[in-house]
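As structure tokens, the structure follows; a few thoughts come after it.
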């Protein structure tokens, strides 16, 4: 069982090491591309769109509750 | 009149045994804990219900066709089965039942053919068990789904927390030694394989415990699974006293620095790094950790979202239903109501306690060795029991210091604990089962 | 040229038989009823389509590997198969086909090995049938899903309506007597097991009929399933004349008092009460009613919503697809085009009619015995056919009295009918199959 | 110490072979293509990951119980297995492995019983393969799902485009001839069945290729599936040069008249017409096209929307996960690293090229024969690779004429190509496998 | 068959009885906790919340229909 | 293989023919019923309904995001 526990610790120590190497490598060689400017702030919605949204919501609601 | 007698003799009341009644009560107890107390209901509702079904007298839902033939067949069929199984014509039912499980494969298939010809079939829960657990597939699919729901971000931001996940597995190995000692002193009767399967309860990871136990000790799967999920549900009660006893007020107040941002690409590469290490060092952990990494890669790579969605929902839910009912099939009275079950329950909670303590002590030891200080409260999260153990760490941290949000920091050791116990499972299977 | 001949001789046209053509027409008929007339489309679309596939000449989709070897193998293989199956070397194909189904299990597995070595495999629909129906798993999963969709509130508010669900099962038992009599007079040729399976059509519950028939009379499964689902779809046509004939205008006008509120906890405990009764009294109904109660408990307990959602959607839909195609595999010409099929269809509609009448008469009898008066129109809902029969009750009630909303009142006997026919199924299996 | 040696000898590093390392690299290559380049990620992520798992040394995930016993058993077990398999006691491992696959069914089941008694089990990926691919069920369910997602509207509006889908299958048959020639000249070593399975790559339809290959050449399934999906992903690179070379600027500018409206009822009847033709003429295509038509009928008939939804989502996703991992199990080094694999890859791309060219030339020929002119660019979409090939047609059309929207017009030949290659698959199975 | 029908009736009669006992027991010993005041009457929603809701609905609608 | 390719072409030619016959038959004998006037133009929604819809959307949104 000492061997068993030792194996677990050694395995995870290797994983700590490998993860460290991986993270540094990825950060240097493969940085994430510029994050896209997520969801832009919701702009005021025109009346027609409002109606459309609401009717979609109604429709959705009905199809759910039927 | 004959019909009435037939109906009565096939009714449950006429065949009820005290053991079956007790196990039905146990099943209701599990349902009560799951529904009223919120103990891991996703698993304990199906397990409890399966346990009740398994013990319905005369229904034989948890038995194979051969076992049903032994229990319900007429004298002539029993003699024929005894002959096929290589026993005396007047062998007791208990001996036949054991032979039906342990005979060589070809003998078992001859007996199965005989039972089928006599009109007996596999019970529903037995079929579920054969497909879902005996093949190992259900725990593996659950692991894939868990992988698809796991965020390794906190772990990648602070990989040192993997050591906490490693330390908490000490509970597993200490428990194995305990189980072996109990057997050496003649108090219990566990083989080394049994002991290894029982130890995994300390991993605080249900599917891992079920997987290991299906490989090493199928007979003990019922109590092991029940213990694993019950204690996982009890984490908020088991851990805090140990955590308070082993830490000082000052240690609990330690605030941890905010975690760095982890890039998407690191998250994509990590499961592959883990997979390579498993492949190189511990092939026996490959099924569990392979499916876990597969699920996680599907989630992080972002190009197979419809598969990820299915792995996280429909597939894991279907698997959970069958896994739970199948575990229930191992709650039949003659397998569960045994002094060994008490031993398993006792050893399981010891394993939890030792794992919790080891995680905390490891955190304190790492603080002594220098580096950015860790709040030792996150050490207890290394047992896994995701995300309950991390929440417990967070709660105790807030008690000591209202500005101390440990949740994300504790998620690192928490998911490390999942990896750790899967590694420990591989080691066990390799050493004991190989 | 040889190639051309080979293609032609393997084409469907060259192998078409009148029987296969007739059954393909039946399949199209079922599709027409399902798509244009809205007859239980969820089942009849897969059943109809499966029936067409099963009868494609030369494709052998509904046959096992051995049957395909018998039908398409060369003379030498047929001689070897005859020897293995214990028949004369020149036994006719029909005898071989029968032996392939009824030989002892070890003989069948030797024949299967021989067919596999000769390159023959199980047809797709045969494989679906083996997994989905022969094991019983598909009807049971449907029952679990139905349980997860059933609200026992109306039944709990007025438990007396269970008697209506009991009475409507009289159609089942009367039909069994009818089928036995037809055989006694030599008009048809049904065994007692066949008769029991046919009777269950009167339970107006598709999965129950399929389950019983897979246990007691697999050969008749095709016509029984088709009859059950067709008549369930025809409930709005079959029931009203009987309901009008057996009730007076005054009775149809009876307004029922509003149902009391049923607490969530009653709804949680009810499936457990039902389960205990089944366990104590009728273990043979445990698979069906056990899964039903399990689904219902998952729904009502409120702590496993993701499992409930899967049981109500992905899992029941997947099961329905395979169940339907598997039933279709039993629509092969040589099994379906038989005088017995006409008998089954005739007996089935009689069973429906008797069940409807019994439910109404029971309601009238209960009114005579006192208590809050029942509108006898809800008695017909006791046959099950959820929720169609309850809607029919409601419609006739509104016709007689525009303020008379019977829908919720009829849901009580309606779900009671599901329980009733599952109980009847257990009784049949216990008496006939045991 | 002994424990350490046991762990080391069971580790992956000590058992790693150059072949396994190379195949793990191939697996990572497939993942890279899928994740970074977007090559058919839904299939290539599971296939690539499965390929890595299959080659983890010592894990034996892709091997049956008997194969695992041969690879890891002790000398005594090997002698017993040799005896059962009818080989010399000192037969080499390679001979045992071959016998384990090709021995008669009863011998294989005796060997399996022996392996089970010695504690060996089927590897996880082997189990997935047995259930998902060896039975044929996974490709068929994918086809059902694809049918449930296919809109035949554009095809029905212009049925002549079926000829384009027919012509593009010429790549299949030319490739079969090529593979047979390569073998005749001794360059490769393909049987006729192998050649037929390889040719289907030219059908540009993954599930069809896997289905045919599982029937005719299971040993080549790995490279065939990889080639099929890789080339489908490469359609935007493979097709344009051929399309430009075979068409004039004027031809590419041809604008097509708007498609007529197709009524819902036509869409409902079409899958039934196709089914009848298959039933009458080509029963060997019935499983593939039957399930395809079934999925499409469910979608169009509009009365079984919950089944359609499941077929399009949960069911096809679950199947895709298992199909991909199962294909990965065929990427073990000793089956994949073979000169024949290079031949398959080379023949596959030739098949794609010929199919593309045939489709375009057919469109040009049809223009000469009169009728409303077709833009020959839509001919290339006849290879299938839905909807990629249609998008390529559209893109080249827009390049030549900014008002020329070919997408909907190309969808006709595109779905015709799916039908065409399924028909070709049926022809192959009928001619070669029968 | 008389026995069969009898069994069904007796079983369901027992179920009527057991259900009655159960309902009374549950209502006495385990009354449902005070029902939470369900959905409180929808109060007038501030403009910002309205925008949030609508943008959520739009987002949902789009992710559905894509 | 010539036979093979020939079979494919003949099969699809028959399918072209059968499809043509089918389409003409269906168009003549089973024309689609008058298409229902799809979703009628969304009429102005009364205030109470608006509130109901919005509260449904909120509820839905919450139950999704919890």
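Just so it is clear, A, B, C, D, E and F label the chains in written order, and each chain counts residues from 1 on its own.
Criterion: a contact is a pair of C-beta atoms (placed from the backbone, for glycine too) under 8 Å apart; a residue touches a chain by one contact, two chains touch by 3 or more.
The structure presented is a predicted model; accordingly, all values stated were derived computationally and were not measured.
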Relative to chain C, largest Cα-centroid distance belongs to chain A
Contact tally winner between D-F and B-D is B-D
When centres are defined as mean Cα positions, the distance from chain D to chain E in whole Å is 47
Chain centres from averaged Cα atoms put chain D and chain F apart, in whole Å, by 29
Whole-angstrom distance, CA centroid of chain B to CA centroid of chain D, is 38
Note: chain A residues in touch with at least two other chains are 3-4, 7, 54, 57, 60
Contacts with two or more other chains occur in chain D at residues 3, 7, 276, 281-282, 314, 427, 431
So, in the complex, the side of chain B touching chain A is made of residues 155-156, 159-160, 162-163, 165-167, 169-170, 173-174, 176-177, 262-266, 269-270, 273-274, 276-277, 281-282, 416, 419-420, 423-424, 427-428, 431
Listed in rising order, the residues of chain D that touch chain B in the complex are 3, 6-7, 10-13, 15-16, 24, 28, 31, 34-35, 38, 41-42, 45-46, 49, 52-53, 56-59, 61, 110, 112-114, 116-117, 119, 121-122, 124, 127, 313-314, 317-318, 320-321, 325
The chain B residues in contact with chain D across the complex are 104-106, 109, 135-137, 140, 268, 272, 275-276, 278-284, 286-287, 290, 293-294, 297-298, 301, 303-304, 306-307, 309-311, 314-315, 427, 430-431, 433-434
In their shared complex, chain D is touched by residues of chain F numbered 1-5, 7-9, 11-16, 18-20, 22-23, 26-27, 30-32
